[in-house]
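Pasting a structure below so you can have a look.
Chains: A, B, C and D, in written order; residue numbering restarts at 1 for each.
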């Protein structure tokens, strides 16, 4: 999905858009929106060892006005859903959503019959671009998720595809 | 000759000033125009709350246009006064140590006197407790 | 000390320190009624990450519930499964071999150090210092590597079984742990020089949010929140369980009752946990890690059982009401941060908001543990 | 030992269950003997039972009528106990809801006390103890969330963990999602 459904702009130059998308792909600013265990792995990814800043994504913006990517890291409860909707609205275009962890993908370990307070996955009400499975996913999985989002946003490849050659 | 030449000098100055102001304006407003041309025109929304104030995801409760005690109000006023005071020192700086009393101590003493007298105002404010941090509370009878 | 509220403030506004806030470390919301920068009163709203652990406890059998405990408090997860496992063993009378008890104690203490390191990094980041977070999480990664080598996961362990452990500890874990201890002591010295001696850090914490002993008792606070106010309460010492009586360690207690005291308690606790791990590694006996005859199906006899353990955040208690079936009839999880956070509303009246957020950091909150 | 003192103090709460009904002052234990068939064992009468700590994890287990709750809790408050937790158990077979109070001590002479009160499932009503222990505020709100037990006199009894407009009580045995 990536850039296909971003609302159109006044001026559209193919070449300029390509250049702008490469810029966007190389500097995602995630919204600090850790809900549960996956937030700890997100913070560990942001820190020294796994180092998200190699891909330009280490600037965690607390306010929704300055962030591009909403990483939904944790279980979404029915009480929290209106809050997430408001945050998604307040983010300026272009914006993307990454569902981090099984809870954000499909409710994860808390989706059992007879459950009363969980939304089964972020894609019930959010247009999710990248799904990262795991409970919690390892920091390397989050890094690969960011690279996947880069491939969605612009067809510029950070390195050649190892399987292709 | 002399007159036209100075007139010309006068026009050239105007050109320089105009060029610089236009350049400044273009430098400031240019990116805004470029961004407006390339930015997406509307954002995808779920519950139509794009323009709502940011309150950590929740709807703001009550109004934020209220009167509350600004604690360092007088401190800000004093800063304003001394800002003007610094303004007087700029012309002095241009003619310091030139002209009649060059390389004599007189200029320095004059400035120290000027600033010293103004500094008395700070001492007065200090004693009145302007720099102490205490809450502004209103007795509403 | 800031002056108390002199009179009814004329106009206040309500500020949402809401679910998505960098200082709340999760989805905790505090509605603060503010007069200027001072908090007139605060109302904490929780439940944004209520994941029904207790409902799952009733629907799942005992072994199936093992994985829930580590998702309740994912920073110090092993302490929680330790409590759950001890409870069921006590109730159904399973005897745990000596080696498994020692390995459990070592693992729980390593996990406690990892949890305190994460708290230390996040707490100093709350006060504005960013670099200690990088150092602290780097040390924490060493511990996570060791724990991952044995248990297989970084945060949400499912390592304990009723009666012992799921796999044994090999030699390179022991050498890694032995190498880790002196290195950790060296970086603790570095943290004390970098942060504890910093005048800005001390000025931000001294005399902030004093919690009297009476208030701690009325709210049931435990761990560093209580020990920072002079209450010498540590479940490992007050109600000794598992092999803790064999270790000699002492419980750091400070009497200043302010946020700096709570900070110092946790920093000293890291040193005590290192001592326990050291003694554990020295006394590690051989032998099996699971009892040879283990009941096929865990069915504790009818009755009401309670087990309290000392986790990184306080005295975590589990109440099991069993009707003899393979599912618990009722499983109540008493989470320590629930009581620690409960006193925030009363303690933060009249404080400035930045002091209140520093106070919230000193409480060491993990929100899914509050909401369960 | 504090446990002995508390045990005696509790015993004084329950006059000997003399068969003739005691006239209508505070706790007339005789009448409200709840006829509860708790599996084969005889229905538990109000009173204090000494429990084996190493198996059950607590020392004293007292069952009282809701009316005696306040006196028992003030007694514990004076004896420097701290509140551990309040929870509910739904005995659907006996058509009753049970509220369980946990108290423990900070110092080394250990005494864990559990207070239980049983209320009818249709109109569960228990007096609040937030006046004595402000720490019980959240615990009571949570028990009200999960079991629907009303705590009379609670200052702020709105849902705590469930959404604000929640009217269901999930931990009841007959709760359908």
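In this text, a contact is a pair of C-beta atoms (placed from the backbone, for glycine too) under 8 Å apart; a residue touches a chain by one contact, two chains touch by 3 or more.
Since the model is a prediction, treat every value here as computed from it, not as a measurement.
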{"item": "Touching both chain A and chain B (chains)", "value": "C"}
{"item": "Chain closest to the middle [Cα centroid of all protein chains]", "value": "C"}
{"item": "Of A-C and B-C, whichever chain pair has more C-beta contact pairs", "value": "A-C"}
{"item": "Cα-centroid distance, chain A relative to chain C, in whole angstrom", "value": "29"}
{"item": "Chain A-chain D separation of Cα centroids, rounded to whole Å", "value": "48"}
{"item": "Chain centre separation in whole Å, for chain D relative to chain B (CA means)", "value": "66"}
{"item": "Multi-partner residues of chain C (each touching 2 or more other chains)", "value": "18-21, 47, 50, 52, 55"}
{"item": "Shared interface positions of chain A, touching two or more other chains", "value": "64, 79, 83, 87, 114-117"}
{"item": "Sites on chain B at which at least two other chains make contact", "value": "56-58"}
{"item": "Which pairs of chains touch, using the document's own definition", "value": "A-B, A-C, A-D, B-C, C-D"}
{"item": "Touch list for chain C against partner chain B, complex", "value": "2-3, 5-21, 29, 31, 35-38"}
{"item": "Footprint of chain D on chain C - complex, ascending", "value": "46-47, 50, 52, 54-55, 58, 87, 90-91, 216-220, 226, 231-233, 237-239, 302-308, 315, 317, 319, 321, 323, 329-330, 332, 334, 338-339, 342-343, 346, 371-372"}
{"item": "Parts of chain A lying in touch with chain C, wherever the complex brings them together", "value": "31-37, 39-41, 43-44, 47-49, 62, 64, 74-75, 77, 79-80, 83, 87, 109-110, 112, 114-118, 135-136, 138"}
{"item": "List of chain A residues in touch with chain D within their complex", "value": "78-79, 113-117"}
{"item": "Chain B residues within the chain A interface of the complex", "value": "36-50, 52, 54, 56-59"}
